[in-house]
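Please find the structures below.
Same chain, two partners: subunit A is paired with subunit B first, then with subunit C.
Up next is the complex of A and B:
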């Protein structure tokens, strides 16, 4: 039931993910953030088994930071994607991680890029990608309406179209989605698309 | 059709799979593994039984954290105990709830308590709830696939205020404001979600928790016994109440004498 999808636009990349944490029929949480900000200009949207998802993405994040501390410059998006794929491949024949990843990043010289990394360590550089049951609906929507060099407004409209389609057609569709963006100004949260708002807990 | 995650877990983690074969060949693991493989059917059956007996809940509100649980332990259709302590005191300001395998929960909570105390001694300050739950989560993650059964909530009060985390033996860890775990949890969630407000007094919150546990024990056969409610505030935890759910039933729904509509009387003698 987990949905992660993303696309590359004109000078930016968007990643959207659902935000339910589910255990068989119970929804424990509807505002779980599954898109990790890897470093200043990289996003890692992950879906998969609960423990694996958090542990593996945190492991990648810490290693990316370590490289930056040791060498004084951050990893490029392609390098980070290949490192991630390498770790998945190493673990595959021992104790595999069940995590699917969409890695989006912005490099000054290349611009925005999106990498599709499967749980069996497939790696592809793509313009648009999706994982989970939601992919059955969002992939064709993106195939139909996507063109290279979309403006931010067009891209967000397309993401919203996909979310609406998932909500309409997926039998146990997630109520809330989070959208994050990465562009020359960095990686940050763009918006939430919520239908169920949890009771507000005012932060101290 | 992409395989669902549940299938993948079932394929990759059950005893007797090729993954286990290669692990045994490496010789890194103790021989208890072989016992698991031999009795793999009974392990699966036992795992199904173990998970079926809990109603525990915890939530954060304005004054702190409320933690509540029932006290029944069941093995299939047999109630083995009505007085199990499911709320474990990790240290004077942190509580853990027990769901899943009793031995696993008790052992690992005690182990967590030890690690928290060592952290205090090494760093001259109390460990945060975030830190404690991450310690436990990392330990449980490293035992993934080996049959541990733990579904616990770590609740406490640290420098940042009240904290609540859900940690399970799958390796999952969730930060949240309201959780309920166990076979009775869907019933408890309904009452809890409906009656929850952030700004409740301690008594109101304790009553909400008590009510939610009672309703879970009413509908779920595997939950029952005594509903214990604890409160965690800035000075540490305090046990609020421990009420037998049978008695709570009559308190919430007292027997009302039904008005007699028609009374049978003898026919007048002819």
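Up next is the complex of A and C:
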């Protein structure tokens, strides 16, 4: 029931992901951050097997950092996406990672970009993308309302529309979502959309 | 004696490892490097030998980052340095990946020194011909640290140290003039130590400052020139004060 989706706007890219960590019928937590900040100007939203998701994305993050230290210059978004895809492809015929990834980044010379990378190492450069059961609803919503060069307000409205659609129509829809943004000023958390907050610990 | 410096795995009869000692010679021929630990910053300085006119000086960085909070400067064989620095950078990220914590300065120094030692006890290889000055802030405690390694693989922590060409003079100067400093004073102390053995001027010195908030910052040539000018002015003032009163001494 994991949902990750994203889109490219005017000078920025947004990635939204649900934040439940689930094991069969048990919800471990509802504030799990599934969008990793890969480096100063890249976001990696991932969904899939919990162990694989964290292991793989942390591995990618450390390798991206190593590149930056070795070469004194960060990887471009396209290079990071291709590197990620390459690692998935190599593991595919041995012990594949069950992780689906949306990689969003901002490069000074080409602006924002979004890459769709699925667990069998498919790589597509896209304007909008989504994974999970929620993708049925969010992709349809984005197909209807997306246009290139959306302003931040329009894009966040569209993300909210998608979240509403997922909440109304998906049978076990996740209660909380996190939205992160990447633009010329860097990658950062934009907002949370919560319906369940962790209960306050009662004081004596 | 000539028979005992072929393969480094062989001790000489009087207990020397000649290859290691020759490696230390190589370090002594390398460019001067100095490190000074302050209370809130650590400063690394390196002598810049005159750059050939056609060379792009930006591609010759002598003070490098190993991680966001660790930096290294060295004296000796630069190609050997490149290999060690690469291995250290990988280890910094690997440590972060496995224990989700940045390395401490001591950990990465121990790692680099361990690597240098391995090459004094293996067949068919020669030691790394460099001594490294490793600086940084420990991630948990925020304490600044300066360590030095050498080709034998020993390492220790220092308040201030120098290596490379004329390191003895620089160390003597530091021993005489070291005191706990912070901020700009630490930078000045490092530059003063370097100026003992290097021709004055921003062209011949590379300085980088490591602070907890900003990480490693390389100083611009203009900044260095300004500080050098300050130091020269202070020196001149000190000289003038020392001179005995000129005309009134003979009464």
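Heads up, the rule we're going with is that the second predicted complex is superposed on the first by the 199 of 204 C-alpha atoms of A that agree within 3 Å, B and C clash if a C-alpha of one lies under 4 Å from a C-alpha of the other, contacts with A are read in each partner's own complex, and residues count from 1 in each chain.
One rule holds for everything that comes next: contacts are C-beta pairs under 8 Å (C-beta built on N, C-alpha and C of every residue); 3 or more make two chains touch, one makes a residue touch a chain.
Remember, predicted model here, so these are calculated numbers, not experimental data.
When the two structures are aligned on the shared chain, A:39 is found in touch with neither subunit B nor subunit C. Contacts of A:48 after superposition: subunit B is touched, whereas subunit C is not reached. In the superposition on chain A, A:70 makes contact with subunit C only, while subunit B stays out of contact range.
Partner contacting the larger number of subunit A residues, of subunit B and subunit C: B. When the shared chain is aligned, subunit B comes close enough to touch A:95, but subunit C does not.
When both complexes are overlaid on chain A, the residue A:183 reaches neither subunit B nor subunit C.
In the superposed model, A:59 makes contact with subunit C only, not with subunit B. Applying the stated touch rule to the two superposed structures, the subunit B and subunit C interfaces on subunit A have no residue in common. Taken together, the subunit C residues at the contact with subunit A in this complex read 61, 65-67, 86, 89-90, 92-94, 96-97. Per the touch definition, subunit B reaches subunit A in the complex via residues 5, 8-9, 12, 19, 22, 60, 137-138, 140-141, 144-145, 160-161, 166, 168, 170-174, 176-177, 179, 185-186, 189, 196-198.
The residues of subunit A lying in touch with subunit C in their complex are 58-59, 62-63, 65-66, 69-70, 72. Interface residues of subunit A, counted against subunit B in their complex, comprise 21, 23, 25-26, 28-29, 32, 48-52, 54-55, 94-96, 98, 198-202, 204.
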